[in-house]
Amino acid sequence: VAGIEQFYAEQMFLLDSGQVEEWAQTFTVDGEFASNATPAPAVGREVIAAVAGKAAAQYAEQGVQRRHWLGMVAAEPRGADEAFVRSYALVIETPRGGRAAIRASTLCEDLMVRQDGRWLVRRRKVSRDDLL
Amino acid sequence: VAGIEQFYAEQMFLLDSGQVEEWAQTFTVDGEFASNATPAPAVGREVIAAVAGKAAAQYAEQGVQRRHWLGMVAAEPRGADEAFVRSYALVIETPRGGRAAIRASTLCEDLMVRQDGRWLVRRRKVSRDDLL
Amino acid sequence: VAGIEQFYAEQMFLLDSGQVEEWAQTFTVDGEFASNATPAPAVGREVIAAVAGKAAAQYAEQGVQRRHWLGMVAAEPRGADEAFVRSYALVIETPRGGRAAIRASTLCEDLMVRQDGRWLVRRRKVSRDDLL
């Protein structure tokens, strides 16, 4: 599906560089972020931004640079402006002056919608492999 | 070459989720899987499925989730329905409750053919970097 | 931007397989390679080849296979034959008989130009996450 991989690159760069308000804008207004590491999903851009902001502040304080790698992207179009996308995602962390390491390997399942020509995540479900 | 990366994403998901019969169907009927870690190639879908099934059973028993990442894909078309594809492949493993780690870094060389509009692997050669 | 990802796959394979003269040809004649790990950029193909050749010789001597993974590629066209491309890059190293590990996680920023239908790097800036 055209544009999905570039979308992920831009979306994750926002998160990894701490631009959490812009990150939240990559979800629909009613977007959901669910994970098998948390009891309930984050729902709506404000909550998504708040959760991401808290994590970003901790990483900044610890001097750790995160990088989210999405890959192995399989997109299944559902009509013209919707797609179900399954991918693998790695979180790579590097402490300042230290060694990079994989923090988590996950499966990422996204329901994507295109609004005004722009892809957005309506529902994301992240499954950490260590919790399967 | 259109569709190759999505093919890899789907193919590896089958392997990583233990769907070894479906995995074997991503090779041609006379498909070959060779590796510098094994003395002889696996030839034909039945053998490919059997080899994968044995490994998948071991991983399931040990509670380890594997993820095969292919990337750095360079595809060289050879006519309309054939391509030589070189890629890098990582095997990432996560034990239940443990940390993800790279199990192997490899070079993957595929001779691909398109049959009935669907890409299949005719011959795969995987070279583990630790054995070079 | 069409062809950019395949360009990276081919470019990095040249470096990882020690073909440093061919690697230098993937930069423009006046190409620059800057890194936050070195005080000054390498400028021009001869210098770029020499720097890469020295590193390649060390890795060969140590029996270490490097793999450069670029991913999360976001390309921003600037006219028909120029693009700014931001990506993440990992260096994965495997010692002969040993375990693969991430050597470095980086941000890669490329100014690319197309000459005679072929993408080349005019200016590359690599930022290692451990030095941020």
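Points to keep in mind about this one:
Each chain gets a letter, A, B and C, in the order it is written, and its residues are counted from 1.
Operating definition for what follows: contacts are C-beta pairs under 8 Å (C-beta built on N, C-alpha and C of every residue); 3 or more make two chains touch, one makes a residue touch a chain.
Being a predicted model, the structure only gives us computed values, none of them experimental.
Put simply, chain A has to spin 120° for its C-alpha atoms to lie on chain C, with the angle rounded to a multiple of 5.
For the touching copies chain A and chain B, the fraction of interface residue numbers used by both falls below half; the interface is of the different-residue type. Centroid to centroid, with C-alpha atoms defining each point, chain A and chain B lie 26 Å apart. For chain A, the set of residues that touch two or more other chains comprises 71, 102. Every residue of chain C that touches chain A in the complex is listed here, in rising order: 71-75, 86-88, 90, 102-105, 129-132. Across the interface of their complex, chain C is touched by residues 5-6, 8-10, 12-13, 65, 67-71, 92, 94-102 of chain A.
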